[in-house]
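All chains are identified by letter, namely A, B, C, D, E and F, in their written order; residue positions are counted from 1 within each chain.
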């Protein structure tokens, strides 16, 4: 399967361990982005994946690209130019002290890139799947145009489009987001959304929320993700999948988390993998949720776990050491 | 509010992570002390705070001072001189292996400093609150004199005096401690004491212990702290406050702890802040206990959390990441 | 008590924290081996211990020796020569992501050493106890010969022999293992075996498994160890001891683990110490299991805890900080 | 002496050791800025110093402030607000591989701050000296206004003004810089300029360049700094001072450098200290150059060396260890 | 230009800083190999490069592959299988204490791989250049066959073959090496050899050594590398190039070295780049030697420097910081 | 050869790299002491060595002992007890910024230990050599008694006594030191002294200083050490040996130093080894000085280099890497 994802990569700066921002004398550096993370996971699992973006033509931009190449993602469609790579500072939380994110991503190379800079013909050549998230249209006018253009180009070629709603309240207002998102849903084959955002943005809730949502936006494939926050390191998650009228639910995972960021992207990647490779509904939601759960045990944005490990977790195995 | 605290600062040497002393090739370095920690928290929260102490006039002494200045504590009343800065080695515990402290604090500059070296007139000028703990009188004859002198000077100026009992069994005998503490209680407006020490030192226990204690020592403002040790990283804590005859109890916190040291000082700071800023009883104990709880999630001695974070915990919010 | 243990030392390479192998830019380095770990624990507890092995005559081999000497183990019987020190890569697991071990130990100096290279006369001079595990005979023909030779030499001198079954599925087949193990049991006074291996290798299971095992192999002293894996960092363990017809069971420990490797060796060391120093059955199994439990809280292979700490855990004390 | 400096603080992100940007998994974090560095050095040497700036009201902004407070700089005039703290990535060079700086400082809180946000009355109350550099006017229109306003306000109060030319070719064109700089020189009492920039910007060169420059801009106090780059870690530096018609030259220092950034600021601080405390010309240039030389041996932007250490270097002492 | 290189990748384990092996509690991890290093440099410089090898199908093998992919090397021809990745321990030297290497590379997946496992048709499809070194034939019989097979397959397709003699005395005897090397020279278009090895292996020395060597082995393109060891961190290097009868010499570089390993491979890569892109002789040797010099300033095996940086060094520029 | 050394062990706390004390968030930890360092070097070189001292009976004391045991030093004569292990803070210097030492060693367990606590009979049983330095008598009255007692007990048994003058100006006055030292010289067979201290304490200087010194104190074996400080990382050292009337001089070493501490102790150890193993004069001083030179390239107090490495340096070899 050839998968294309498009979005922004950022540099994440994290104080070591559970240090607070003011205590940090070093920052851990890693690179990620919702759509890049999806590409990385799929590359690790063996799919041919292309990431489309724009980064500045300096060494920090190159480092972002290198981090994806290392995992097998094709980066020939990452444009170079613009002024800066967006960054964010992320402090790990622990116990009742929540994690913290400070964004410094305005005016990034990607967010100011023009839809016409990208060679859609080559990008979507032979592609089977295109994945985008609600972060891109939140990055400003140019990025919004880009998001729509990409979706149109994909649809024109009959490429399957998955859309992860991923509403970020720090980036835009809910009203605008809702408006834009609903237009994007028109291009969407597979929609992934957190239950709370489904409620706040699209007004669906309760036991039948997923069916309601699917019906409202005429979607055949919808996934809902659920998260309950016990404390900063302990969350419970599960997922539901609406597939051609049928609804299935994954196992619930009570997690001790190492790194929460990218947990949702791992779910998206897992779902794309499962649906793209023809898994039936229950197996698909199980695979996606286990991938998401395992991601939470891995440092960094990327779901650096193998299919074998995911399948063991689906079966309830693999927590010990094999010697 | 202008707050003055007086006490010893020490250098804490901690093996990285959960290493044992014998495994350490590096020590994490930080500086603290019960009263310095209280000053630091209050400075972070915006009060004008002065720390009074004595450190050697070398770079290690300066580093201790710098650590407080960074957080906004005024250090103009920290004398320079003497031979050494007290140190202690602290090993983190985990699971059923308890934490460990090795003191090497004898003959420190502060413990040998003379009460007359300090300029009480300037120190207490405009001050609203003076805080001291039971550690200072435990440091020897000179320090005991200093503790009494400071309390007297504060009382003479009608400055509110808070006293955290903080009995340290490695520093002195219980009998002597009791004797000295009781004398110090005569100068005390607000007394903070752990329930076990209240029992062992002052003979009060049971459901009405706090009332009994307040009555026995004619105190209007008394806080009792409670701690149950499940294992080295998991404790349950709560607090009670006796305020003008009324007794209130905080929520109980089941904590996964990052750094236990300074947890009691955060409670003291929280209580001083709450009472000094006129919080009513329930809000005061809630604020103090939430501050204490959050401190346990922060590396180092200091309660490096904002008022906003404390208030969120009081309301049961804030454990997730806001993006 | 003078104790001799014989076996292979390896270098363990561990990614820092919970990093995955592919993320590691540094490896933590430590040295260990089932039998070396037993020697180290006994040396820490004050017994005279000799470790017998062979390492290459280069600096990495020397570093392995130094790590034991630091703890007080006598290493004069560690031969020098051969080509390489065996290594293994060990990734820590967390939550539902299990730990991982990659062996690279073939052709190690020890595994190819000849039984006749060792000076048994000197090695066993004045010795009270000899300890060996099922790893040595799994390392190939030469090592198997060595294991038998050592056991014979010990038995000829009426030295007590303890044998930790320690079946490693990555090293040999179960059928061969069973065959060899049974022959080694003929030389064994004290046998330690995990309940699962007892079942799979020796066909005993159920409530009376330990008695059955003891009877089947004519043993007077048998210890069974039990482990339930909740997730990669949380295991429950307990032990049983069959001593001269009597069976006793230790407390169950629900552990938050720091480093699982060496947990079984700590049990063996604890049992040897307890039996060698004449503890009665219940006290012996309690000591061994508490040592094992505490080992899981310590980084590295070695049970770096004091007798005092073990005894406190036996009594259910010591999880707090004493100041 | 009370000194005021005004300028931008930035976060510096540095790969550890001599790693390249693309190799960095962590960045060393420190905070600095030409004018902040001058304030810090003077505070370390005992002068009362105030730093004036604006930082965002988040934890990263606070960390920048804390770094100055730790050293004794008063930060009550650092405004809070705006969007971001400017950052720059700095790679250390070694041998023939030069150091590298990537700026990401556009739209910083300081560069967009308004001259009227600052309370000049309070800022310059009792001040003896005001220091500014050519970086501030290079940051854009608003910052240029701010620079002029500050100089005017200082001059109106008869406060001595020192100006470090510090032309940064990555920030603005030479023609504009020259124009603006010349206007700023009208407010300047003490001008510090690198010989090359004196040549390129102001057209003076050769043996009499400093006299020529002083005459051209009617200055009584001018310092020229000289640097010869042998390789990335080895530079030779010296300085000249024109004081009331007299010219003196410092010793030349052949340095093995640890951290080059801030070397010029240490010179400025040294000169301000020397002139402000009434040193005669030769002693002044010697003090300033020794301070600059020693700064190159210290990690971070700040000249963290004592007056005693500077004076020893002036005398050619102090390179060994005193035990 | 499409370049193919074939050889072994190893894991290098390095004590941090200038620690000795026995002092190391962590090892820095990086992956390299003479031919992989050449591929990496060429990929960084923009050529299409393929690395051909075999690594075990576990995570450590994957990490080696990832390190090359990150830099843009195509790894689709890296086979998976075999038992182990070769490792070596490398201690940095300093002053008169030389660096140290301990090999543990026997029985590696690559050294035991069969020439027929590789798909030469695909590997050499469209290739312009093939690079090999004298390390591969030193790894044993299988690897020797592989080296010859690869050379033949390349020659059959009229692909240019470069050969870096790279004699390793720890791997094989000089007599055998000479014999094999001479056979390999028959397939060689461009030969790179250190002057000492040219003397010891091929008996040429003195001023006309390079001409003599070229003549003796009928080569049109030969490069000689020279190194003088002042101490462990300071070497002088230069190079000579014989090109179609003409001999040119590079500048001499007196280096302060950060990491010596890979310095020769950077020379090879530089030469391949220069000759492959049609540089004339003097420019070619200058480029190659500057690349080699700069590599010594970079940690790790790979010449992580840009063409722009190399060209600046050729011109004697670029040692300062541009701000 | 069986060698006994007696003295104090201290913990050294060192900021990482070239950080200043005030910048340190971690300290590197290592243990050493002039006489312990000598014992360690001799153990590494294969002599049977016993270190005699006293350390507190806590984990920090144990860690000091472990550091010696790791290297093969026998520590059965290290007493346990007393209050504290002496510590010192050591900052590395670089360029013209000198290294710095802050002592905090008063009241250490060793300095207050009683001469009668030691079992001289066992300590000196079979001993060939006893080594002591001028630090011990500088530690106070008790330690002075101990030094004399040890020398007497050694002399009574005809054990060779070497004495390293090692005057520490921070510990005592020169007048007292001279007085005590001269008395200790009566027990001395081999005296090692720095030329400056020889001048300041004993009044010998100039070309014939060593002969003069030997004559004045009736010594047959005297070594003088010389050091010229170019800057904090570059020193030149050499040595002279007076042996039975003959004077020989070592090569001069122009060093780039990694860690200066212990450089003199390495010389002492080298001299003891050389004389104890019957080297002739020139070979002895060469060995001692090369050992000293190499120590300066090794982190930590101990001369962790092999005899083979020392001999190579004597021959002017070994600065490169052998592969």
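Here, a residue touches a chain if its C-beta (ideal position, glycine included) is under 8 Å from a C-beta of that chain, and two chains touch if they have at least 3 such contacts.
The structure displayed is predicted, hence computed values, not measured ones.
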* **Touching chain B and also chain E, the following chains** => A, C, D, F
* Asked: Among the chains, which has its CA centre at the largest distance from chain F's?
  -> A
* Structure fact -> CA centroids of chain C and chain F: separation to the nearest Å works out as 40
* **Whole-Å gap separating chain C and chain D, where each centre is the average of the chain's CA atoms** => 62
* Asked: Roughly how far is chain D from chain F, going centre to centre by Cα mean, in whole Å?
  -> 45
* Residues of chain C whose C-beta touches two or more other chains -> 20, 22, 25, 66, 100
* Quick one: which chain pairs are touching? -> A-B, A-C, A-D, A-E, B-C, B-D, B-F, C-E, C-F, D-E, D-F, E-F
* **Contact set on chain B toward chain D in their complex** => 66-67, 69-72
* Residues of chain C defined as touching chain A within the complex -> 17-20, 22-23, 90, 93-101, 103, 168-170, 229-233, 260-261
* Residues on chain C engaged by chain E in the complex (per definition of touch) -> 13, 16, 20-22, 24-30, 58-60, 62-63, 66, 83-85, 87, 89, 91, 100, 102, 104, 106-107
* **Of chain C, residues touching chain B in the complex** => 253, 255-258, 293-294, 296-300, 304-305, 309, 312-313, 318-323
